[in-house]
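Here the chain labels run A, B, C and D in written order, and each chain numbers its own residues starting at 1.
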Amino acid sequence: MGMIGGGPGAFIGGVHRIAAGMDGEIELVCGAFSSDPEKSKQAGEQLNISTQRIYGSYKEMMRSESSLPPNERMEIVSIVTPNHVHFEPTKLALENGFHVILDKPLAFDLKEAKILQELANKSDLLFCLTHTYTGYPMVKEARQQVLSGKFGKIRKIYVDYPQGWLSNLLEAPDSSHHSRKQATWRTDPAQSGIAGAMGDIGTHAFNLAEYVSGLKVTKICADINTVVEGRKLDDDGTVLLKFNNGASGFLYSTQVAAGEENNTRIRVYGEKGGLEWQQEDANSLKVKWVDKPTEIYRTGNIYLSSFAKHNTRVPSGHPEGYLEAFANLYRNFALCVKAKMSGTEPKPEWLDFPGVEDGVRGMTFVERVIESGKSDEKWIDL
Amino acid sequence: MGMIGGGPGAFIGGVHRIAAGMDGEIELVCGAFSSDPEKSKQAGEQLNISTQRIYGSYKEMMRSESSLPPNERMEIVSIVTPNHVHFEPTKLALENGFHVILDKPLAFDLKEAKILQELANKSDLLFCLTHTYTGYPMVKEARQQVLSGKFGKIRKIYVDYPQGWLSNLLEAPDSSHHSRKQATWRTDPAQSGIAGAMGDIGTHAFNLAEYVSGLKVTKICADINTVVEGRKLDDDGTVLLKFNNGASGFLYSTQVAAGEENNTRIRVYGEKGGLEWQQEDANSLKVKWVDKPTEIYRTGNIYLSSFAKHNTRVPSGHPEGYLEAFANLYRNFALCVKAKMSGTEPKPEWLDFPGVEDGVRGMTFVERVIESGKSDEKWIDL
Amino acid sequence: MGMIGGGPGAFIGGVHRIAAGMDGEIELVCGAFSSDPEKSKQAGEQLNISTQRIYGSYKEMMRSESSLPPNERMEIVSIVTPNHVHFEPTKLALENGFHVILDKPLAFDLKEAKILQELANKSDLLFCLTHTYTGYPMVKEARQQVLSGKFGKIRKIYVDYPQGWLSNLLEAPDSSHHSRKQATWRTDPAQSGIAGAMGDIGTHAFNLAEYVSGLKVTKICADINTVVEGRKLDDDGTVLLKFNNGASGFLYSTQVAAGEENNTRIRVYGEKGGLEWQQEDANSLKVKWVDKPTEIYRTGNIYLSSFAKHNTRVPSGHPEGYLEAFANLYRNFALCVKAKMSGTEPKPEWLDFPGVEDGVRGMTFVERVIESGKSDEKWIDL
Amino acid sequence: MGMIGGGPGAFIGGVHRIAAGMDGEIELVCGAFSSDPEKSKQAGEQLNISTQRIYGSYKEMMRSESSLPPNERMEIVSIVTPNHVHFEPTKLALENGFHVILDKPLAFDLKEAKILQELANKSDLLFCLTHTYTGYPMVKEARQQVLSGKFGKIRKIYVDYPQGWLSNLLEAPDSSHHSRKQATWRTDPAQSGIAGAMGDIGTHAFNLAEYVSGLKVTKICADINTVVEGRKLDDDGTVLLKFNNGASGFLYSTQVAAGEENNTRIRVYGEKGGLEWQQEDANSLKVKWVDKPTEIYRTGNIYLSSFAKHNTRVPSGHPEGYLEAFANLYRNFALCVKAKMSGTEPKPEWLDFPGVEDGVRGMTFVERVIESGKSDEKWIDL
């Protein structure tokens, strides 16, 4: 695997590397870790990459790796740059025949996203978009239970995504906050796109709603706010949702719920019962019933679906977390790449990672939700 | 105290009686417990009311009690009938000079509500509307902490009110469900008014939002649904909220979240931190901060506000619940009635119970939220 | 009902009165509220007791009430005095033909306890000892589930009873702490007996272990400590337990776990599964299984045993607490008294309250546990 | 790094490899993965170890690696064999000049343990014993807060370690249970030593007690049981503890608490307050106070000690778990090895991993606790 981005000071690059390496399925062999060749070199050396495969730019990396014999070149590109540098390296990777793992969102805007979708679909390449929450074993269990029909027709879907870390203007020029770098690009339209919180975490909430329910959002009505004075993008919003089976619900994502960390939560209710999962208690899944006791499903137990079991490494009672969820995306992606290369059939559990269609859904959501936020009309189509 | 309603099979009547009796401030001396004189008699006898003060109708009760010498007649009327029988007995009570405790909502519709408001305001009588949740000591603590300004300007308010007991058509004519009676009047427009879930529990959520925040809702945008086929009123809804200080948020109340009981929850966030209370853990209040550990305030401790302390009966670690919260309304009301009668000044802690203005706010909310549910316009004024 | 004790400043007297009054089954008609006749009079007047039935001493009350015609005298005596004033009034009550509700422990020492046991057993009178925790509906549910055999043979029983309020010498002569009065008699051998924490809360833990498991403790090994310098009685202890079916476990009760409130907890495990209840989440019962999801049983639901249902007043999702648990003891006791007076058969659910045998068990535990604490021998018989 | 053990079917070997690889500090370069050379080969190949460094036995590995030039040979040996194969490879590793990471317990018995201690101490080599729980950031935070003195003198220490997976005789010859292999060696005296549950998980509980409190256990009184019929070693026990500062408490570890997973928990109380950590909520630390609200410290926040911060990889709200805790041991060990090799001073945070002294303490505990279990004497010295 080669990596684009993830140089000094980047949070998500390190997460991707831990995730990629966790199960020994993927080896990092090359990278263009920064747009600054010197920084790229430093990062690569720290990561023990052989000098000749540390590149000064992703273009150089594509050119150089493509020219290696097939069994020597990287097979997968992992792209972990800020949003405005998603499109070009992804496009190049696909054009040069590399499988792609891309940090979400798919692109800077919907137009770019659709180009990448077309490219990916007409290629024979695999594509993974890292919507991390779908990597948690109990989120996979939740999806399997909903799809099994045990709850009857789904009626209500609620997704919470509260954060509080942007309660102040961390991105202010004179800010000395330790999260200033993280805050700055996320609140800058030139790097993030038209959405702030809705793009950064709202897309995760949206993806989680569609993933767990197996449904599609058809209509939205959004209240989008920029709460902190001086901020250039939304930092808060609530979105009413209508789904293609008639279900309704909402998602909200905010970065000004002062004191909240990252407590993503989803609740889905059908005719007979429902379920609840939240990241702060990631190894549990609450299953609720009309007139029967609530059940707590826990990772690592034999009563779970094959999808949950496949995505767990340790016995019940040993908590796994965010990095393992992330690693599940990489592992499943790698297993599918290996299956493709060996001409074998991947298992359904391996194929269960978010892809380019999720990315286009996410970018559609971003465009429409911002539009809805500005509109006097109540419901707009997604 | 005299009671109107609360005869055989009524849930809330028994709750009112326990609440009224808990602290020995109030004695039940008479009642018209049912519109059926025979049933009223039975109920009254079971409650050890002297036969001559068990009445066959509330009109008879008003007449009869008014004719007693002041020091022998009831001083307070507690009205616990279904919604469509709130207006007349309340009106009569006020006209006959009795202090009133009324189960929410204030009336069948806003028009009635405003008449009662006028009557109450021009009288010298005390009025309590039993929005139970405001009786919990930790809800009172929450309000005091918000009002103290410690969180800075309030930005976000979220209220959850999920129930699941109406996931099926319990009110069906052939239903043999143990909650059929409760379901039937709540889903009948002739008894409940124009709203189902929004009136029954949405008004509690609305009241909680305004009570804890000290703010007023100015605009709403509602998604109102009748989820269960055959039902005549809404059983589900989510409402986007705008507040008079610029804060925003939502409330939802649903009776089709299958498997949920009654887990009312409120979260309020300001510039510096926020708080969270939920009924399932009613004796705790979570206080959250940007960059400081979350604090858990618990009932019965010396660090609490006088408002929380005044509304607790037992030492810390001994949980109080719904009945005690309800009893706090009665107790504070009774203390104020006694103060009035003795010409003394009531303490601020005693005056802290919901009144006729809360009732008018609630009925306004009901009318507007149902209107918003039907409207294509996004925001409507409250 | 008449009350002995519970005058000004007493915590538990007020709790008994609320509990007795909650369900309208019992009326407080007389009392000797203090050993100081003046204070008794004040208390009685505040409670609206007719002047001639407010007594200056419990002896006077016994004499006077006994001389009333049977249908006018009190039927039940509630005794809520400190431990050293349990024996005499209880003895008098039994000798004068009154049913007795007594705050635990049964007596000052085991010798007294056995005399009361003999008196009670040879009389035709009902006797209730207020081990409050057995009044919680989910504790009753726990017992029923264990007795049903669903978990197989019981193997392990753990009871926690941590408090922290005696972490400092509140009983010091110069203490101005708001809990000084509560601390003083509990740590005074002349008022409490040979045990401090073990008598005050350890007996509750012991009773809970035997009640929920349906087993008897046969051997104990105790570590008993007086942690706070200057204290005259134990404020901390852990006791290893052996039960009559071969099960083992422990209980601990401490009043120096600084920061703990009153989080009584019991866990019982059998061959196939187990259960857990704790007072901080009193309306839930966790039921655990080898290789099946944990279940959460909740008060107010139709799937519960008749014992849990009978002891709940409000629908699921409306928390009940300590006062309701206490009231369940009174209500069941009153129902049994009424059944006896009317010559009808009490229901099994009514009979489920702690009695004089529990009291003797508790006093035996106190004597032996203190002995074990001083002994170099490991196991001693109970 | 080279690895001994961890071949096909071993659980803990895979955990060690993930932990070692997580932070890119350590590379697995050779191994003797099984006592069966063929299985070792298979395992090594799957792990992409170069063929010539996959060894058929640990003796061969020691010989061969020692003969390589210093900059080419492995620097660290990770030993993950069952208990009865800890001593010899560890001895050989130390004698051959390799730093050692050893899965707990240190040895098969105390005699062996002391030999290894002597060897390690007189060498210049680093030694890490993988008591995983000390790798959790919030366990480190707990220790730092206790050591800071903020709670005053420590008085009470309680450690819980309940598991339920051995509730049945999984190790029976005819068992087809998926955990049979794990059960078999743990319950076999020839492989495990004199203790079952007390060695397997009791030592973790013991280590946690001493680590977090900074105190030493001086006396114990143990109730040790073999609950499941046919089992050869203890599967359950509770141990009363006395500490060198006068504090007391208990630990229990059981593998027959049917329905429990692995919910290790520690509570420590001092004069002014205390703290509580449990593995099921590993990213939180509850800090409790007499007369102040409980505080919840959470991983990833700036208010934490440098020890907690150093051992966290992701921002607050992104849960880390068991594998990350394990990886912290490896990472700190590797940082110290590198410091030693480069002649620089390791940071205090790096040195904070369990070593050979912890191992000797653990083996002492095992010997004495089994002895105490058989003794009629109450307290025995540790």
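Following the convention adopted for this analysis, a residue touches a chain if its C-beta (ideal position, glycine included) is under 8 Å from a C-beta of that chain, and two chains touch if they have at least 3 such contacts.
All of these numbers come straight from a predicted model, not from anything done at the bench.
Trainee: Tell me which chain's centre, taken as the mean of its C-alpha atoms, is farthest from subunit D.
Mentor: B
Trainee: By the contact definition above, name the pair with the higher C-beta contact count: B-D or C-D.
Mentor: If we tally the contacting C-beta pairs, C-D comes out ahead.
Trainee: Where the CA atoms of subunit B average out and where those of subunit C average out, how many Å apart are those spots?
Mentor: About 34 Å, centre to centre.
Trainee: Would you kindly tell me how far, in whole Å, the mean C-alpha position of subunit D lies from that of subunit C?
Mentor: 43
Trainee: Distance-wise, how many Å sit between the C-alpha centres of subunit B and subunit D, to the nearest whole number?
Mentor: Chain centres of subunit B and subunit D, defined by C-alpha means, are spaced 55 Å apart.
Trainee: Where does subunit C touch two or more other chains at once, residue-wise?
Mentor: 165, 260, 287, 294, 298, 302
Trainee: Mind pulling up the subunit B residues that touch subunit A in the complex?
Mentor: 151, 155-156, 158, 164-165, 167-168, 221, 223, 225, 227, 236, 238, 240, 248-250, 252, 254, 256-260, 267, 269-274, 287-290, 294, 375-379
Trainee: Where on subunit B is subunit C touching in the complex?
Mentor: 11, 14-15, 17-18, 21-24, 27, 47-48, 163, 165, 178-179, 260-263, 279-283, 298, 300, 302, 313-324
Trainee: Can you name the residues of subunit B that touch subunit D in the complex?
Mentor: Per the stated touch rule, the residues are 287, 291-298, 301-303.
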